[in-house]
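Labels A, B, C and D are assigned to the chains in the order they are written; within every chain, residues are numbered from 1.
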Amino acid sequence: MGKFLYAPEIAKLGHVALVSADLEKSLSFFRDTIGLEETEVVDGVHYLRAWGDFEHHTLSIKAGSTSYIDHIGWRTKRREDVATFAKLLEDAGTEVRWIQAGEEVAQGEAIRFELPSGHRFELYYDMEKTPADESRKSVLKNQTYKSWAKGVSPRRIDHVNLQTSHDNAEIVKYLQEALGFKLREYFVNPDDVQVASWLSVTNLVHDVAIMSTPRSKEPNEMHHIAYWLDNSQDLLRAADILCEADVQFVGPGKHGISQAMYIYVKDPGSGLRLEIFTNGYLIFEPDWEPIKWTYEEYLKNGSAYWGDRRRDDVDRDAQVKELLRS
Amino acid sequence: MGKFLYAPEIAKLGHVALVSADLEKSLSFFRDTIGLEETEVVDGVHYLRAWGDFEHHTLSIKAGSTSYIDHIGWRTKRREDVATFAKLLEDAGTEVRWIQAGEEVAQGEAIRFELPSGHRFELYYDMEKTPADESRKSVLKNQTYKSWAKGVSPRRIDHVNLQTSHDNAEIVKYLQEALGFKLREYFVNPDDVQVASWLSVTNLVHDVAIMSTPRSKEPNEMHHIAYWLDNSQDLLRAADILCEADVQFVGPGKHGISQAMYIYVKDPGSGLRLEIFTNGYLIFEPDWEPIKWTYEEYLKNGSAYWGDRRRDDVDRDAQVKELLRS
Amino acid sequence: MGKFLYAPEIAKLGHVALVSADLEKSLSFFRDTIGLEETEVVDGVHYLRAWGDFEHHTLSIKAGSTSYIDHIGWRTKRREDVATFAKLLEDAGTEVRWIQAGEEVAQGEAIRFELPSGHRFELYYDMEKTPADESRKSVLKNQTYKSWAKGVSPRRIDHVNLQTSHDNAEIVKYLQEALGFKLREYFVNPDDVQVASWLSVTNLVHDVAIMSTPRSKEPNEMHHIAYWLDNSQDLLRAADILCEADVQFVGPGKHGISQAMYIYVKDPGSGLRLEIFTNGYLIFEPDWEPIKWTYEEYLKNGSAYWGDRRRDDVDRDAQVKELLRS
Amino acid sequence: MGKFLYAPEIAKLGHVALVSADLEKSLSFFRDTIGLEETEVVDGVHYLRAWGDFEHHTLSIKAGSTSYIDHIGWRTKRREDVATFAKLLEDAGTEVRWIQAGEEVAQGEAIRFELPSGHRFELYYDMEKTPADESRKSVLKNQTYKSWAKGVSPRRIDHVNLQTSHDNAEIVKYLQEALGFKLREYFVNPDDVQVASWLSVTNLVHDVAIMSTPRSKEPNEMHHIAYWLDNSQDLLRAADILCEADVQFVGPGKHGISQAMYIYVKDPGSGLRLEIFTNGYLIFEPDWEPIKWTYEEYLKNGSAYWGDRRRDDVDRDAQVKELLRS
């Protein structure tokens, strides 16, 4: 189409690199209960992905003395965008570190940097689309592994939700201007201050959300990561599976924001919250106006349109005691 | 099969006769939002049923100065059972009143009496299985109306749940001995006293439940009536429909007892609580041992195995205020 | 309730005893692909059941030189009914053989006899409701095993469907008069002759069906056995699982008769056809009039109301060739 | 982000403009049976959309002496892209006609042109996002109409599928080079010639498909348009609705290509085929390699992975006769 000059773009959420203080518990949770497939283990790092993920991994887990998110990886639209982003970020004053090809297994060269909130992002382009081994591969040409092999069995990674004590609008501005994310929905507190925002580069309502909440002690926390199921009944099946596995969770419910249905469950190994996610709508409009929810609208419909909306930092015994009182 | 002498039996839940202080609101709720079909209106009484109900009606609604349940109708297994039940009940000291054929539209002769709790039951055998009119009838020979014509669109009536201040075990004994219901599941309070019980004559886990709870002021209240949907996603669809109709509800969730999924919603007209109900299990074992849930087991799994379990006598504004505090 | 004299009754379908010419393939199919749990193995007989079945087994499989159904077991309503049925059957000229308690593992004394078609039925009352072992038991008190542990994961056994070259009305008459089954739905051929019938003793539309079709060479064939799933999406999930397991099947579809949704799949080991079954309606009316479908009505809606209705005695290669022609 | 020069891009499928030889039948089908909402009627043109569509219309229907697709409208990414596309198309020898703002109700200025196959495309940018009227608007801020108000009730328009007698690879090349569509999946005939292709500009597996089949008499036919449902059970509900409306259809089934589940049904008014569509996967990889299906792979899994796959140009009577023979 002739000579064009493009801004660098992020194409999709790539992966989350988790460090777990209890690797075995985390593996048992993500591999068996949730049903992610393990592509391989290299130097003690377990590379996992869902049956419909194409890249080598969408979740890596390794052991650590504490549990934390090492980085969130995003794939760029073009190979050259990695370098272009590096330059633009450095020009804007952000410290950028280059990661050699192979330093992260199956991945080409990449850059890592921190958001103003301290969250660590990684941008890469090259990533091996490792085929599944014979025994696990799908009969379908357009799918990596057999579906439904074990556990909840989500199809693919969906999004990440960052929690911060940082000012929300400032992080949103950074995501928009430095990285090209588009604001899709957000809500404000009673003082009309933006406190949580949903942004995407894809047609999903969000690839990344950023929530500034009173509960955030640190600027660079993770609220949750999310994997996607195709159907609502599969979410209810997930609820049964989690109950049988004696894992506490919140949900099912449906958000007003994104209209997606959810279950929130914490990995017993690392404490990382996982959102099991389905339904919702897609955004195709090129001139999408961000939808603003007032705090009242958010409480009424935006957060939990219907369904279970309990706090999940309350343990089951306490919940039973609470019911005992009513 | 030769000469046999049978005990009279109840075959199924027949119908609920509702009196509503706001008939128009109740009709709007049951007919449009829930999607029950109206068979006919006679003398101001609206006779409704679900698209998969075969009898003339499973819910009748008429106007009244207050809202209450006039009676719950049960169909007997044999025509002669109505008279046999009448005799047995009278012999046991229960006052029995005969209802002439036609006094309740489309119904044959019947008897009415009160449980020790004061709940009024009706036993009948003959009931017209009124076909649907041409424009609404299903293309299927084994179905009355077209399905999915409007609203939530449940298939059929499912059960009734009675609330009482009366002693639970006493009412259960009456239901078992006088009427032949079988106890399926029950739970006890912290003092090991039976407080809520689920009983049936059919393969359903319950056709009738009786709950003795602190909140019962009267001996003969109705906790809810229930209509059945075939699939879990139809329950979630119902949640959307109720939200769009601006009707408050509790759910979706799944009970441990019965394993059924639920939404509880109140008819804005009469205040009668409706449970929209799906899934669960059936009981075929002839020697079924009633399952006892301790109070702790009930709180943990029996009541709400997963899902939304909020109190529904709290209005939406109050719930928003509660969330504002957290 | 005083002195009553009851006819013996069948309460429910108990189990199917399968002999397989390829035991390992059958076990792989039923245990892994379908996801039945194995209670135990005794003397080479594998006793299987679904996670929501309560009795010791609903499907037993053992090796044989050929594949066939040894017997279909039905549970009676009362312990004494076994002997009463034995007497009534013998009085009517049927040869009855007594099975000692324990001859079939976990089962009390029983009788076996043949229908006029040659199908072998067994009637028993006592059957151990074996709890699941710690690692597999459900967290729910009213459920045997954890659900969703593997494969398609149906909840329980549902029905059997017998195929015969015998006259259909004659077998139906026998089932009604000798065993108390009630005719629910049936269809006739173009000459108005009854050719297939659905009967039950429970609220299910059928516990047993009997089909007299041109394809029956023998009088005592099995068309299929069926296991039940709770939701339609679980049936579609089953379709994916079967495809990934490279097992041919017909469906999904929905029958007009019973209104249930189906997949038909053959056990690669024995060739026994399994119907994976969900939805449909229940019959509570004590005076249910059998629904007659003309042959035209049956072809239009009765057999396949919607969905896949191909013949399943055509292999995949042949089907591909057929599509190649169109 | 500095100075960049972009190629014009198509952002999404906008709408289909249908001319129907029986307007009333088409309106009854699309508005009542399928459940699209009517935004308004202007000069005899009915502007329809699904409850989750944001633009003024996604389907317009007007009366004509014959039934045909007047044009397919696509929204560009930037306002200036309309003019840029016009220039690039004209430079390549395509005749481009300008449409004044308002000539199509609620739409800004646009261009129309024909593909080499003769299919007429329209490119626009400005389109009013008409809010719904008070009585029909959703309680959700991010949704236009109340969901589930009537009929099948799909959420949004999904894709179009063009049929042609033209060479497939040539049309694909045009779509790629002139309009920026990316090839996602395709299959070849036994001679390894590309005959059907699925392309998109969004994350959907396809926004447009082009099928060159023996049955195409004309170069510019429409195979189908598609609307999207969120859940598989809603597709099965659609099957019931269509049966009750006595409308013939093919499905449900699941495609291997796209992995989406489908029902194909023809509008009785115009004969236009509608695909009711759900599930499937999304493509986020920027370097997606088009997946090639050999003809054998296509027949085995690509077309109908499972489910009903009958030809839909055979009427019901003929199908009944066919079943009569088997």
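Here is the rule we go by: a contact is a pair of C-beta atoms (placed from the backbone, for glycine too) under 8 Å apart; a residue touches a chain by one contact, two chains touch by 3 or more.
None of these values were measured; they are calculated from a predicted model.
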Open item on the list: Give me the set of chains touching chain B intersected with the set touching chain C.
Closed with: A, D
Task: Result of counting contacting C-beta pairs for A-B and A-C, higher pair - done: A-B
Task: Geometric centre distance via CA averages, chain B-chain A, whole Å - done: 43
Open item on the list: For chain A versus chain D, what separation do you get between their C-alpha means, in angstrom?
Closed with: 31
Open item on the list: Quick check: what residues of chain C touch more than one other chain, meaning two or more?
Closed with: 139-140, 231-233, 240, 243, 301, 305
Open item on the list: For the complex, give me every residue of chain A touching chain B.
Closed with: 231-233, 236, 239-240, 242-243, 249, 251-254, 261, 295-296, 299-301, 303, 305-309, 311, 316, 320, 323-324, 326
TODO: Would you mind writing out the residues of chain B in touch with chain D in their complex?
DONE: 138-140, 146-148, 150, 231-234, 237, 240-241, 243-244, 246
Task: Parts of chain B lying in touch with chain C, wherever the complex brings them together - done: 1-7, 11-13, 52, 54-55, 75-78, 88, 125, 129, 139-143, 155-156, 177, 180, 185, 202-204, 230-233, 256-259, 279, 281-282, 284-286, 291, 293, 297, 301-302, 305
